[in-house]
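Both complexes shown next keep chain A, but they swap its partner, so chain B is in the first and chain C is in the second.
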Partner chain A sequence: MSTPAITIEDPIEPGGVGQEVMRQRQWKVLLSATMHQWRSRIGLVIFVAMVFVALAGPLFAPHSPTQFVTAPNSPPSSEALFGGDNLGRDVWSRFLYGGRSVLGMSVAATIIGVTLGLAVGLTAAYMSGVTDEVLMRISDVFMAFPQIVLALLLLTAFPSSVILIVLIVGLSHAPRVARVIRGAAQQVVERDFVKAAEAVGEPRRRIIFGELLPNVTSPLTVEFGLRLTYSVGLIAAINFLGVGLQPPKADWGLMINENRLAVTVQPWGVLLPVIALALLTIGSNLLTDGFARAAIGIDRGGE
Partner chain B sequence: MSRFLIRRILLGLLTLLLVSVVVFAATQALPGNAARAILGRDATPARLQALTEQLHLNRSVFSQYFSWLGGVLHGDFGNSAATQAPVSHLISSRILNTAFLVLVSAIIAIPLSIGLGVLMAVRRDKPTDHIISITTLALAALPEFVIGIGLVLLFATNVWHVLPAVSIIPPGEHAWNVPKVVVLPAATLIIAVTPYISRIMRASMVEVLESDYVTMARLKGLPNRTVIWRHAVPNAIVPAIQVSALQLAYMAGGVVLVEVVFNFPGIGSALVDAVGNRDIPEVQALAIIIAAVYVVVNLIADVLTILVTPRLRTAAAR
Partner chain C sequence: MATAERPPAEQPATAVQVRDLKIDLVSSGNDIVDAIAMEVRAGEVLGLVGESGSGKTTVGMALMGYCRPGGKVTGGEILIDGRPLAAMAAGELRRLRGGTVSYIPQDPGTALNPALRIAVQLSEMLEAHKGQTSAEDQKARIRETLEEVALPNDDEFLRRYPHQLSGGQQQRVAIAMAFACRPHVIVCDEPTTGLDVTTQARVLETVRDLCHSHRVAAVYVSHDLAVVAELADTVAVMYAGRIVERGPRDAIFATPRHPYTRKLLRAVPDMAGKRAVVGIGGHAPLPGNRPTGCFFAPRCDLAIDRCREAFPLPTEFEGGHLVHCYRAEEAPSELPTGGETQAPAQAGDVVLSVEHLNGHYGSAHVLHDIDLEVRRNECVAVVGESGSGKTTLARCISGLHANYTGDVKLGGDRLAESARKRSSQARKQIQYVFQNPYASLNPRRTVGQTIARQLQLFGGGRRDTGKRVAECLERVALSAAAVNRYPDQLSGGERQRVAIARALAAEPSLLICDEVTSALDVSVQAAIVELLRDLRAETGLSMLFITHNLALIRTIADRVLVMTQGTIVESGATVSVFETPSAEYTTKLLANTPTVEAALNR
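Here is the complex of A and B:
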């Protein structure tokens, strides 16, 4: 991809009221095109259902997640719907409690990673030259570590905590987001309204956040969805590996770790969180893909 | 083109050097005292003193870094803090096991995904395309350890008990001597990377199938098979090669979780154990090896892309 493919004159002056209205209309078209596809509809239903399970689950739990109610690894019975876990706690209650940490940490990490990546990507695209080169080289260095390896590396040095895990996962997303946003913003930088804003002498920060940012919202939204999907997997993986949240915390990743040795006698302690994580990531990925397809279709003027 | 190559290789080396700084800084320089991190809170002053001297922590950070880097360049990663044996000794057979696992997975995953991509493109917007497309999209979302545990539940424990759930390799043996234990870990990696490659192949193939030369070949009356495999695929395959290399590099990370799920004796499970034991020399060694593989594979992918794309080849020569 070289120069921007679309060289239509921007019909409305930069920063004007008309532009704002245009953008809102574009978003409406985009969202309706997204929801027109079956994959988005299915994704949305699955995603909303899993978010509901994660957030409201504790309200429906019959027991406390740390209370011993039955024999270790016991099969489903009248006191425990899905049996007992490795220590005799209620699998069903721990499952209902175990989604909040996964979802909360994933959303927080995604917000941090996407915001940081956005700032770096826009700055690199607008400043170009040395600043761009330096920012991209730093990104390269952090991208040389697979995300889980970077997380393990930092968790060796620092005592594990919720905030640290969220920061590490967010940090590991940032260079990947920055690359995508930089690519998208580079095409915007060349366009007339940015040149116009520069000629008028608008301050740099206003150009970056007032002119560039509103024109990369589609790739930004796609990145947010994608990074959320990966955050769920990564945070669950960190807890599954036992280097994240510590027992007796109820968490889907940790539950899999705790119960997987007894999986032949008591599969539910593993099966429930595995299904939940699978549905949560599949739902958000289907929805993101639907949006990405809609955005591409609209850019091409509708296929 | 040679100028481009030299620049690309130098950048790769610079990245590797900075990677070594990050690995060192994260584990040894930043958090005050690595010896305390290794020994834990109830370390006696005498043991702290001994370990500080053994790891040369009483020297300046720079001198520590350069003596460590010097060792790394000679393949000497120091001694394990947990077992006192040389780290290089502990991880050499594990490197071979992991390399075998990744290679087997790649050899199966790459042709499989290219085939799936071609199939989807040829049946574009037909049920076959939709079904494979949605399935790969769903699989792409799944974290590797979720795939791995799913396979264990299906094939190794609760549903069918046909394969080992735990990859036990007797001491002195290598993974290729015990192929049965490689099946499920490799299947997990294949399921994890196939969606990405096949989706890129589909997109690239769809574009090529719409091109004039494919229409021309069809008009000449060539059989469909020849048009697809001789005319279209060779032109559509470049992006797939690129993304395959990226996925190969990605496997270096994905393999960590897969190895833990199956207790496979490779570098991934070694890394997680080392983190658990706070065995800093071993963590440093494994992190830098994984990052180096990633950088080198990416470098090779870039060079290959240039070599197989005539347009880029001439652009780079300018």
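Here is the complex of A and C:
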């Protein structure tokens, strides 16, 4: 791997001859090792393209997503590039509008889930004993429900809203993230620099976030990518099942549901959002996978 | 051992011959080792000495026709019993390994399969090389082999798993496996590094006896000069991938001629206390960064212009003593002595006192009624083998191990058990330096951040932090350039200096040094010991020095406490403990600690 290396010439020990240190900052090395893999490059291109479609799509939409422009389920024509949907709205415009909600909710849910999981995982690993047991057993209870079942249960019990969906998806991620982070942090807790911090009386909060957190950033990044992939799938599924966003909102998951009955006559209303969701998850997954592989190769516990 | 006493006129056959061996890194083409030449005759032990990164293990592995991934033999040849390894097919090499050339690993704990019984491991080895024999023959052979390494050979022992053996027993099983097929050549890769001195002495004796009685040529790879002096007939000293000096053991140790060998010997602690250890400044150059000319020139006091032009060819002295140095003939031939040893310091008031300390691990009682005292400006050493409880004691004192009863008093005030319950002042006064500098610094923080945090905790205000960090680094002889480095950009010795700087930043009255040099090379160890000695002389710091290395404390400690199985069996002034030990355990420890002097006098 031809990663560029910086050379440190100046000796720092008296009489030292200067030692070529074939290492850059860990993050730079990690990123460059990630980007040396084809999977990460392809993943990055796909992911960036899909994020662009989702964010900037509405700017290129020829019609409003709720405007009736053609006959229901009509095939592609001059006024509707990919035909009309079940109510005669422009499929292409609805597709360009429909990514924002999926992406925005997924990212928000992932941030909530990973942050919560991180806090729980680090605390459990550091405190060990009773605290660890209590936190992890509660996590186990949450993990006993499949994510989608948990989401459906809560969404049927409470009135659906964007914030509720985001919270539910985020919460359902948290125990899974916590388990991974706890595992990674347990190895860090054993190391002497944590004992050194305890010996000088560093506050617990500082040990958790100052000593442990920086040493679990690699698994954390991998978790973030993985959970983002799952969030996209889960939120699209919730919307598809009709317990999430409600019509006439333009949303990829909702679009699949609306147009699935006419899929043999007018496949575009289903195909476009399906392809978009697939690409978004595949792209972020490839990128995460590339990063994880690079991290295994490089991040041997910081030694 | 009748065969060992052959008449000197009869030259035994050369079992290993290495000519001009060169091994390169595949990725960059830089050489790891080059121009390696050596020969070992049957029944002879060659000590291959070098510090970490010198290429000694690479050479040892190459003798078995093996290169670690990333390396490739690109020049020279290795002959085993006169047959070149390079010409052998894969199957032939496989038969060679373990059969003709066998290997004793550094860590038997990982080299033995934890899921297989001892008998199964040994019989696998025999089956692979001797083919199918009857079960009785095999059993008899295994018993014989175990007896040779002084292990019990009853059925009960044969049924044990590796985890049911002690470290020394595990290593002797590994030795038994290596000798089981009656190899002609044996490669030992630091087989005693992880062992206590008592166990080490027994293992060394076993290896020596087996080599002599079975006429095996051994290559003993080690960083420990004292061990090599005990065992080897000839010695090759490696530095930065080259052999810099090679010759009979007595010539190398008594009249070393290469400046590196001489400096290395000065870094070895001297049990007789005649001289203080002196470190070697600087680093050994890594592959791809080695200078033209002699690789040692940048660190050599005797370097002349010629040394920087071309790598010196060997100069031969009597007895086949080869030295790769232009100035080998001028160099004084005897080992330098002198250098000031620690003058007994004026001890002041009691800083730390420990009374009736009993420590526990869960339900196990590991420390029994420990009493000790450290006075101002005094260095007290606690010596013990692994499992003696010395680290637990240090951790009780520093508040990292709270499960104890008894009193730890700092300046007369009793301290709480755990560090978290102690006052900030108490935590500031007692600072702890950990054994392994690779684990004791947060890899995601720069040196500057690590030390600045300590200053922030104990040093009062936040002004001038940058300047004060630089001062702290200066005290441990690191340049200010280290501030922005991360630990992974520093060598082991530099990291340990940073750890010491961090401890000193709190301006403690007691520094607990827990095996601070055991993870470091001997030259770096000497430099750290020098640093601690200077710091003591400058600041009047008290020290509690925890170690397993008896020789090391002779020159730095004022008083010694000898610990075994959680009790202190002897305590007293360093000189009297060394010269007139009263406890039987101390006598045994002293006798088993290998030293260059004792080996040469034998």
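One rule holds for everything that comes next: the second predicted complex is superposed on the first by the 274 of 303 C-alpha atoms of A that agree within 3 Å, B and C clash if a C-alpha of one lies under 4 Å from a C-alpha of the other, contacts with A are read in each partner's own complex, and residues count from 1 in each chain.
One rule holds in what follows: contacts are C-beta pairs under 8 Å (C-beta built on N, C-alpha and C of every residue); 3 or more make two chains touch, one makes a residue touch a chain.
It should be emphasised that the depicted structure is a prediction, and the values quoted were computed from it without experimental measurement.
J.: Can A:Asn215 be said to touch chain B (first), chain C (second), both, or neither?
T.: A:Asn215 sits against chain C, while chain B stays out of touch.
J.: Chain A residues in contact: does chain B have more, or chain C?
T.: B
J.: Pick one for A:Asn239: touches chain B only (first), chain C only (second), both, or neither.
T.: In the superposition, A:Asn239 touches no partner, neither chain B nor chain C.
J.: Where does A:Ala196 make contact in the superposed view: on chain B (first), on chain C (second), on both, or on neither?
T.: second
J.: Which partner does A:Gln186 reach: the first (chain B), the second (chain C), both, or neither?
T.: neither
J.: Answer with first, second, both or neither: which of chain B and chain C does A:Thr123 touch in the superposed model?
T.: Neither partner.
J.: So, A:Thr70: does it touch chain B (first), chain C (second), both, or neither?
T.: Neither partner.
J.: With both complexes superposed on chain A, which partner does A:Val141 reach: first (chain B), second (chain C), both or neither?
T.: Touch status of A:Val141: first partner only.
J.: Quick one: in the complex, what on chain B touches chain A?
T.: It is residues 11, 14-16, 18-19, 22-23, 26-27, 30-31, 37, 134, 137-138, 140-146, 149-150, 152-153, 157-158, 249-250, 252-254, 256-257, 260, 271-272, 274-276, 278, 280, 283, 287, 290-291, 294-295 of chain B that touch chain A.
J.: Sort out for me which residues of chain A touch chain B in the complex.
T.: It comes out as residues 39, 137, 140-142, 144-149, 152-158, 229, 232-234, 236-237, 240-243, 256, 260, 263-264, 267, 270-271, 274, 277-278, 281-282, 284-286, 289.
J.: Spell out the residues on chain A that touch chain C in their complex, using ranges where they run on.
T.: Residue list for chain A touching chain C: 8, 10-17, 19-21, 23, 25-26, 191-193, 195-196, 198-202, 211, 214-215, 217, 301-303.
J.: For chain C, which residues are in contact with chain A within the complex?
T.: For this pair, the touching residues of chain C are 281-283, 285-286, 288-289, 291, 298-299, 398-400, 419-420, 422, 424, 427-428, 431-432, 434-436, 438-445, 454, 457-458, 477-479, 481-482, 485-491, 493-494, 497, 499, 502, 506.
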